[in-house]
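Same chain, two partners: subunit A is paired with subunit B first, then with subunit C.
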Partner chain A sequence: MTAVARSWGRLTLAGKILFTVIPILLLLTAGLVLVVVLFGKPIVDFLAANIWLVRFIVAASAVLLMSVPTAFLIIYMEMKVIALMNLRIGPDRVGPFGSLLSVVHGLKVLMKEDFSPTGSDRLVFTLAPVVVYMSAVMSLLVLPFAPGLFGADINIGLLYLFAVGGLTVVGLLMAGWSSFNKYSLLGGLRSAAQVVSYEIPLTLSVVGLLILTGTMSLNQISLNQAGWFTNWYVFQQPLGALIFFIAATAEGNRTPFDLTEADSEIVAGFATEYSGMRFGFFFFAEYVNVFIVSGLFVALFLGGWNAPIAWPEAWAIHLTFDPGSTGMGLLFALLLVPPILILALAAPFYVGRSSLPWWQALIIGFVLFNVLAIVVVGGWAFISLDWVAGLLWFLGKTYLFVFTFVWMRGTLPRVRIDQLMGFAWKWLLPASLLNLFVTALAVIVINPR
Partner chain B sequence: MSRLPGLGIAMGMALTLKKFFEPKATIRYPEVRLDVPPKFRGRLQLLYDEYGTLKCETCFQCAQACPIECIDMGGIDTKGRYHIHWGAPETYGERRDESALRRSGRPVPDQAYAHFDPIHPVKLEAILERFDFDPSRMLEILDATQAEYGHLPVAALKLISQRTGAWYAMIYGTASYYRHLRFEPPAAEPLAAATATARAGRETAFLAGLDASLAGSSRRRGRASAASRS
Partner chain C sequence: MTAAPPHGQREAPSDDPRVQLDQDAGVFEPVPPYPPRTEREAEFYTLGDGEMFINMGPQHPSTHGVLRIVLKLEGEVVVDLDPVLGYLHRGVEKLCENADYHHSIAYLDPLEYISSLFCEWPGVLAFEKLLDVQVPRRAEYIRVLSTELNRILSHSLFMGWMALDLGGLTPILWSFIERDEIAEMLAALTGQRLLYNYLRIGGVNGDINHEFMSRLGDWMSRATNQIENNLGLLNQNEIFVRRMRGLGKLDKETAFRMAVTGPNLRATGVPLDFRRAHPYSVFPELEFDIPTRDEGDCLARYLVRMDEIKQSLRIIDQCIHKMPDGPVMAKLPRLLRPRPGRAYAAVEGPRGQYAAYVVSDGTDQPFRMRIHDPSFVHLQSVGVLMPGHLIADAMAVMASLDPIMGGVDK
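Then we have the complex of A and B:
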């Protein structure tokens, strides 16, 4: 008992809350399941009648759940890729190739003291990271990941994205204001100036694209780019794509435009007074933003979920295998096939190497079977399920751009604040206006009505 | 030629991408250990015994043995007032004797200690003055020293090392490289002639033996060189 009490005493406030909330949530979930089992019928009828509610809840929780591993993955990628570019190895202790180090980082941040300075506006101070994080997560809702796989297909999706993304500024200003620290306030104002300045070329660079597509729905824009990769809008809007990429770098506060928290120059700017998980939220939001910006670029200019090659209909493989049609046979196959295959895969190793104990051979067989099963099931899903293929293409392209952002961080030095503002107003804004006018002119000349 | 805008960025990005695929410099220490060179002696440091006093016996052997004189000795007097420098490296031997006598109560002979006779340094100072204490004109300095003293005394080499700032080991290496420079005073005339013939005979015998052991190829080359000479 004392050990438990001691462990409890060692937890921070956040940890205590977490350790109480998680069991309560588990109990509530169990109760909910019980309720559904007991009074399932009317509830199911109600949900079937209001399918939008289900969709909302599922999408919101899926997006929230997705944001954390995405941030972990990008943090790990950043550590590893920059290390490799610095001729170092980078994280290699926790997990395979150090891939769990970002999870450890997350836990570390969770355990740190959650501190708010004397004289700070406590409420705003607490809300600021939430606002920043929510603006990032809410942007994820309209990203089209795959055909039929998106939170909501709003007909003003792009506008929504820019509006919600603009909320970040509010969060940064709140953080700077409530910290009771003049340097934080200056940092907040500085980042607000940067983000607002780059919002303009970012939005204007997309207007040319909107003239071409005639819709703001990201889903529709992705559908428009189906077929060969020459249909991608990057070939019709090269200047727009370039401006969008540069402005998006600044929007996501990435090097070379990461002046909002230039950690080596101004002590993290608006985030000076933040610690623990509140700082972690800023941190996470930055990486989710990187993902969103990359995904947005892919959806707008690089064909979204579309494969670069349109397969001729004659080449298409049609797998008509439906697992549900096999009936009881499926059950037996699920029971029998794994053990038999594991044994079959373990046998050559056991026979071939006499020094190998049987259990190690079994482990090898198990691992091989899992690899085989993942490949087979994945291949089947890729061929016969549209959304799996789409998701893979989308994520592949997106992470290519995430890699580019990390790569840029590993290469480029930070710009000065006057260079940053001058570049936005003197170069990007005229260039985006030029792009807009040229696009409009081209549309009128080619397609006069 | 005005460069394309963004060319520098592209070149930088290409560089980092190239480095991305290059082999890495990190050594995963506890798992992978580098081979230590055989002459590696670790970091030099003074150890303390269990009473907290230095284990150093001030035997000066380390300072004497150090070929590039990077080890020097200094200290603080009993009242902790002065930072004492123990003197020039050539006096380490005497210091060691004093120290050994003080610590053990009896004179302890030092096997490594080689005594050398002092010289009168005025002439050498004049020579060094003439060559502007320039270590890059070492051969001229050594020539002049030998002309003055008849040979190269150890004390002279030490003084040259002190004045010019060149390492003693380097000066010794330079002096030992040239056959006409010698470390001992020349022997008497007839004896010197005898030594010279004996040395010439030894060299001829050595070269003949070398030629024989290298057999055919060297002999052919020797014949060819003889032909070309004639």
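Then we have the complex of A and C:
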């Protein structure tokens, strides 16, 4: 055994990983630098000429990357909130307050066996979760998160969203058909019937809003609702908002309309035969869908990224501070301010309590400094950057609605399939038509051309 | 062991059982592999136009244990069904016939694991009739007290399961709080949380103790409020009530024909309660009403049970106040040898009539032991109630009859 092998054997696992990863990273960096040096100019020229390509790649990757943490967060939220409603403790082991449990679940489904049952149609069986997940992720593209922060501002954004969202049912039907299981088949057919029925009131409920706005671009609809919260369309279209909310619950297959995966009736519906990451895709897609319908509701009816109050211009705070303008001073500040502030914050604790060791005082100082830095930087961003404030408002409102969906799941039993269909055709459809006619009439009476 | 040939170029001899197994694995048809034994079986396992079988259970989430039902569906409507029993068969009757009288009480316990005390009681009563034992009055009161607690436990679990089968997640956990408090109470009294083995021939195993009484008093002070709280989750829920009303209607005649007893019968308007109709123990001395409903549907069955919880609370209250002092066990010989004869005893349990029929041949073991279990009897009315309903309603009907598979398969 050589000396190198002996030393390698003595390393801990973390050391082995470090010693493997760091050379690889170094090599990759060197390769990248080499590529940039050799071919930098033509690549930059090409990208500058085709800026749409850059935009597309960035938007697509951002949306794809965003979907997974969103799903994790909503899954954790659902576990914890329903647990508290059930008077349980819920997840509390992995991470602070169990918040990493959904991440661990995600890793678990990744590691499970990739299994497909006998008699299944392998190709369709494999494609179904991909279709479902992709339709969910593609819907995220047109959601306006903040001013200037969206995947694409299509002028038929709403239509695109309904069209792409409708693809979900194809995936569910594929899953139900290809699983070679009667429970799956029933689930798939139920989902087809349900989603197709509820798509009609869902679409009709926003037609009244479209008459008011005159545009299908979600970005424009959000812009129209700027100012005080009385400008939000929920006050002009209360019935439409209600119908939209109910139909969106059914579209997202959430309780009380979660018949496609009614576990006490048809086991798990279309997902009965799925396991591992294929099931994970269905699972993620469901929660991304919850986020999308909540976000869509917020963008359409609750003002999107707009704050509920319009600050009078006289009260507005204008921070003219631009970090870029300080030049080299910024670097020095970044270098010097943290240690000085940490020491300054730690000093009172060290002086005030004689029993405190110096390193504990330093840790306290470090934590306090971090809190302070987050507050200062976040506050600065909130005040001076439009999109940060917009994103916070949008996410806040959206998660309020996500919470409502979770709340309904904790509270309500499931409706029956005939009650579900009857409700869609006998109540929601006439109500949405009524909403449409009343809106059209009001527009003609109030604002004749 | 020879190495397996590579996949794809395997020569498959048609008579090799392993190869056939390989091909058929995972493909399951609910049709039995043997030719039909009865006309009914032949008729059921012949598919009509547009019908299909679906195999529900024994590992289905909502079949309350290991019941297997083969459903014949047309679309989602249940046309016909064939319950397949026996997945939990333990031969309790035969076990009792090979144990002496004291031992067989322990075998009666796990019949219906939600209401164990009610499974012991008829057996113990029948043995006492055979032996001509006079049970001390304090023991009788303790029996009534502990069994009424068990009835509340069973009914609150029923409420949770009912909601769970309709898709509600929360009520089951709220009712488990109730159940857990009573289980702890009975554990303090009997030493066990689930299978109590508490009743004895001629009395009970041990007097009530301080821990039991303190837990009971603590719980009684807030029981009414707690139960009202739990009921508020469901009774005013529009979805729940709309799904349950008019579902699985059982009329009086059918109920009598199907030998339905207990809350399921009282939900059809018949005030038959064995505590009043054939009084046993100290029930003649206690005041309580017999809640009935006239509708006979799932909602009525649910509401009757919920009303019974309140009546049970009344009985418990009276038991605590009226309980006399004295011994809790009658004086009995070490070895029980009843004279040859037969005895029958029935009690009113949370699901209906629990009964035992014992034949003695003069030895220290029962010659024949027959157990009448309400779950089994109620399960046969599923065949009348389910057809014509959707799958979702079929599960609700099942849940509203409240069968426990341990009692069905014995």
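Everything below uses one rule, namely that the second predicted complex is superposed on the first by the 412 of 449 C-alpha atoms of A that agree within 3 Å, B and C clash if a C-alpha of one lies under 4 Å from a C-alpha of the other, contacts with A are read in each partner's own complex, and residues count from 1 in each chain.
The working rule: contacts are C-beta pairs under 8 Å (C-beta built on N, C-alpha and C of every residue); 3 or more make two chains touch, one makes a residue touch a chain.
Since the model is a prediction, treat every value here as computed from it, not as a measurement.
Enquirer: Answer with clash or fit: subunit B and subunit C placed together on subunit A by superposition.
Expert: On the superposed model, which is not a single observed complex, subunit B and subunit C clash.
Enquirer: With the two complexes superposed on chain A, say which partner A:165 touches: subunit B (first), subunit C (second), both, or neither.
Expert: Once the two structures are laid over each other on A, A:165 reaches no partner at all.
Enquirer: Contacts for A:186 in the overlay, against subunit B (first) and subunit C (second): which applies, first, second, both or neither?
Expert: Touch status of A:186: second partner only.
Enquirer: After the superposition on A, what does A:255 contact: first (subunit B), second (subunit C), both or neither?
Expert: In the superposition, A:255 touches subunit C alone.
Enquirer: Return first, second, both or neither, reflecting whether A:89 touches subunit B, subunit C, both chains, or no partner chain.
Expert: The answer is first: A:89 touches subunit B but not subunit C.
Enquirer: Should A:419 be classified as contacting the first partner (subunit B), the second (subunit C), both, or neither?
Expert: second
Enquirer: Please name the chain, subunit B or subunit C, that touches the greater number of residues in subunit A.
Expert: C
Enquirer: Using the touch definition from the top, say if A:410 reaches subunit B (first), subunit C (second), both or neither.
Expert: The answer is both, since A:410 touches subunit B and subunit C.
Enquirer: Which of the two partners, first being subunit B and second being subunit C, lies in contact with A:119: first, second, both, or neither?
Expert: second
Enquirer: Of the partners subunit B and subunit C, which touch A:81 in the superposed model: first, second, both, neither?
Expert: Only subunit B is touched by A:81; subunit C is not.
Enquirer: Hey, what residues of subunit A end up touching subunit B and subunit C alike?
Expert: Of subunit A, residues 85-88, 410-412 contact subunit B in one complex and subunit C in the other.
Enquirer: Give the list of subunit A residues in touch with subunit C in this complex.
Expert: Subunit A reaches subunit C through residues 82, 85-88, 117-119, 180, 182-183, 186, 190, 255-256, 258-259, 262-267, 409-419.
Enquirer: Can you list the subunit C residues touching subunit A in their complex?
Expert: 25-27, 52-54, 60-62, 76, 163-170, 173-174, 177, 237, 239-240, 242-243, 390-393, 395
Enquirer: Considering the complex alone, what residue numbers of subunit B touch subunit A?
Expert: Going through subunit B, the ones touching subunit A are 9, 12-13, 15-17, 19-20, 22, 24-26, 28.
Enquirer: Would you tell me which residues of subunit A are touching subunit B in their complex?
Expert: 81, 84-89, 92, 407-408, 410-412
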